[in-house]
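In what follows, chain A forms one complex with chain B and a second complex with chain C.
For the complex of A and B:
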């Protein structure tokens, strides 16, 4: 590990790494938004009265929790393109990350829903709220507030998983991809990947402090 | 539930077993090949160190026909690079063990000592020569462009501006493409198998590589076609870590013998000529001349 060369990376190629960091940020923001939506929908399906509907939710969770992210990326990107749908690489990356984490978020929300308890469902029902209002206005908001810490963990997990996207065939120019290109041109292996690690640490640190602030502000303690 | 006293050790034993099994795995080393003994080299030389070690560890591509790839039935590594590597191993009298390398980890593997020498379609450049020692060129490959048959836009390297071009991470062709087409959109992936996949689903418009690999791809997929002339000359060299006493001279002598005694031509005909239908003479330019030419540009 060469210290002068380590710092020279910042001056010579800092802008490329910064662009990579911006791409990673865009990827994670889009994918996490998608994952939250998918998670909420699947959570509702999992807790439905009808067994047939529950099975759909369970099926989704089983599939997307057990298929490795890289396999998912290949299946979505190459599979859809082979079938004729010209999905772009960024869209495929967001879809893969979002669908993958969506399964985990669904499970986290479901544990929150269980903690909210049947009493809230019955009370909201008794007040005459429709099913969708019960979920959207009463149950899910409380459930989400109960599981802020696990959701924060899943966000951090997603930030790290996004590095897989950068090394896959998707060739999205995110932080990991930029670091690999840089390493292959400068041969400063340790130094380049140390900067990549610092970049990811920055993102996860921001995510962690964000989750902590949300927790202090909004968390329900039972 | 009562637990037998000895059973309390089970979790620790199970964990230790798993860790030992995982630790002893390596990335699919190929079976070493035996060769009759050869006179030992003087002690203190890098050649003697390898003879004492008992094997020559060679970094080679596993997915780049016809230079380094796996024979489908036996899984043995074969190709032009493999032949050259075995020549070095025979000169030392030790078996060769192949380790898979891709363009982006060739130099790190040498620097970390994971492999002794790299025969992996590696182009000699002045920049790389700062980090590793190259042999004299053992093959000169023209870089060419591969597109789908129905592509009406790209007819040659100069049409690559604004097009999505697939190469491998760490390939010397990156600079070559940007020189003829500065506005080409490069997609860098791990290997040409991935490039081939991306081209077949129209995720990229063209693949750039040296001609033999691309011809191999057209033989596998009739949808692909080569367009335009060769636009760059890629001299392949065998790379080794720096500061190994006597090693560079030994490798160059062995490769020179391979070119002189007909085995180079035999390998060429078998791996390249059979695909391109062409013939060639072994390259005669030395490393020093090549680097001087590049520096003068």
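For the complex of A and C:
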């Protein structure tokens, strides 16, 4: 590895890498929001009284935990566009990453719901709350506070999986995409990928410390 | 709706060569996953044992190696190994691949993909080994010491055999993640399942009918992976005793 060239990347192409970092951040934030929504919905489906509804939730989780993310990206971007639905690159990236991670978040929330316990359900029912209020006001907030640490791990996993988006055919100029373009222009493979690695480690460190702060502030212990 | 369920969009399935093309590609994925899994499972054990050494310096170095590879994205590792391997090495690999390797696996992309995946997953699996070894009840370690077993023998005859059964679900979870990440070698132009699906979608190689519908091709490719991974999940579930929480829910890949 060439040290002067390593630093010269920062001065020459630092802004491209920084833009890549911003796109990755935007992708991860949007996908995490979508995944939390999907995860909450699927968690409620998984814990429903009727077996048919539970089967829908279980089917979603089994499918989206066992399919590779790259195949999902191709199916959503190329497949849906071929069928006529005109969705853009960034939307396809957010949708695929969100649907993929939503399955894992659903499982994490479900373990939190089990830890909250049936007593909370029964108490809320006894107070006359409707089903949706029981879930939205009583159970899910407690479940989310119980599983902050696993959700933090899932966020870190999402940051790493967002690199797959950058290497796919999607035209999302995220950090991995910028690093590839830079490498194909300058042929400084080790130096550019080292900068990309530093970028991802930075994001992961921020996410970890954020999750730790949230855990100290809001976590319940059962 | 017509696109999803219209019968003319399923006509390409009747042509056996289409399906065979996809399954050939999937075979490359399975072979890559098998090679990388075996290598990772083997190489992770010395890595985990180094991490557990009494010698603080060695343990710290091994720990840093594991943490670095664990925190990098898989795509970055695989792509970096593929791009950074000099072309001379790649040609040598293609020349000296063993004779019993089938034709599609002789490409340097497969070997380079296996190396990249092994670098990443040996670190993850080393962490699983370490957690498993640490989960063996401390009474066993104390009993081994009381019997006068040196530490190496205690590990070999007492701790690791007891830890392996508990770790198996977590190990299979990592193997499932590995199977999914073999699709990353499609970036390095290896003729695997996803690349074959793209080729099928882009042309009418084998059928002379209307164009193959893209969504159906990729959904079928996804179903191949889902089938394999569900089989692996069922195997993993048979190792879990009732006292263990389902370990796959917390691990992410």
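A few notes on this one:
In the analysis below, the second predicted complex is superposed on the first by the 222 of 222 C-alpha atoms of A that agree within 3 Å, B and C clash if a C-alpha of one lies under 4 Å from a C-alpha of the other, contacts with A are read in each partner's own complex, and residues count from 1 in each chain.
The criterion applied here is as follows: a residue touches a chain if its C-beta (ideal position, glycine included) is under 8 Å from a C-beta of that chain, and two chains touch if they have at least 3 such contacts.
The structure displayed is predicted, hence computed values, not measured ones.
Once the two complexes are overlaid through chain A, chain B and chain C clash, as defined at the top of the document.
When both complexes are overlaid on chain A, the residue A:90 reaches neither chain B nor chain C.
Of the two partner chains placed by superposition, chain B and chain C are both touched by A:82. In the superposition on chain A, contact of A:164 is made with chain C only, not with chain B.
In the superposition on chain A, A:189 makes contact with both chain B and chain C. Chain A is touched at more residues by one of its partners, and among chain B and chain C that partner is C. Shared-chain residue A:66: touches chain C; no touch with chain B. When the shared chain is aligned, chain B comes close enough to touch A:181, but chain C does not. Contacts of A:201 after superposition: chain C is touched, whereas chain B is not reached.
Once both structures are laid onto chain A, the chain B stretch out of 41-49, 113-121 or 275-283 that overlaps chain C is 113-121.
Shared interface residues of chain A (contacting chain B in one complex, chain C in the other): 78, 81-82, 167, 180, 183, 189. On chain A, the positions that touch chain C within their shared complex are 62-63, 65-72, 74-75, 78-84, 101, 104, 107-108, 110-111, 150, 153-154, 156-157, 159-164, 166-168, 176, 179-180, 183, 189-190, 193, 196-197, 200-201, 204. On the chain A side of its complex with chain B, the touching residues are 77-78, 81-82, 86, 89, 167, 169, 171, 177, 180-181, 183-185, 187, 189.
Of all residues in chain B, only 103-104, 107-108, 111, 127-128, 131, 169-170, 174, 187-190, 194, 197-198, 200-203 touch chain A in the complex they form. The residues of chain C lying in touch with chain A in their complex are 3-4, 71-76, 79-80, 83-84, 176, 179-184, 186-187, 194, 197-198, 201, 213-219, 221-222, 225-226, 229-230, 233, 245, 248-250, 252-253.
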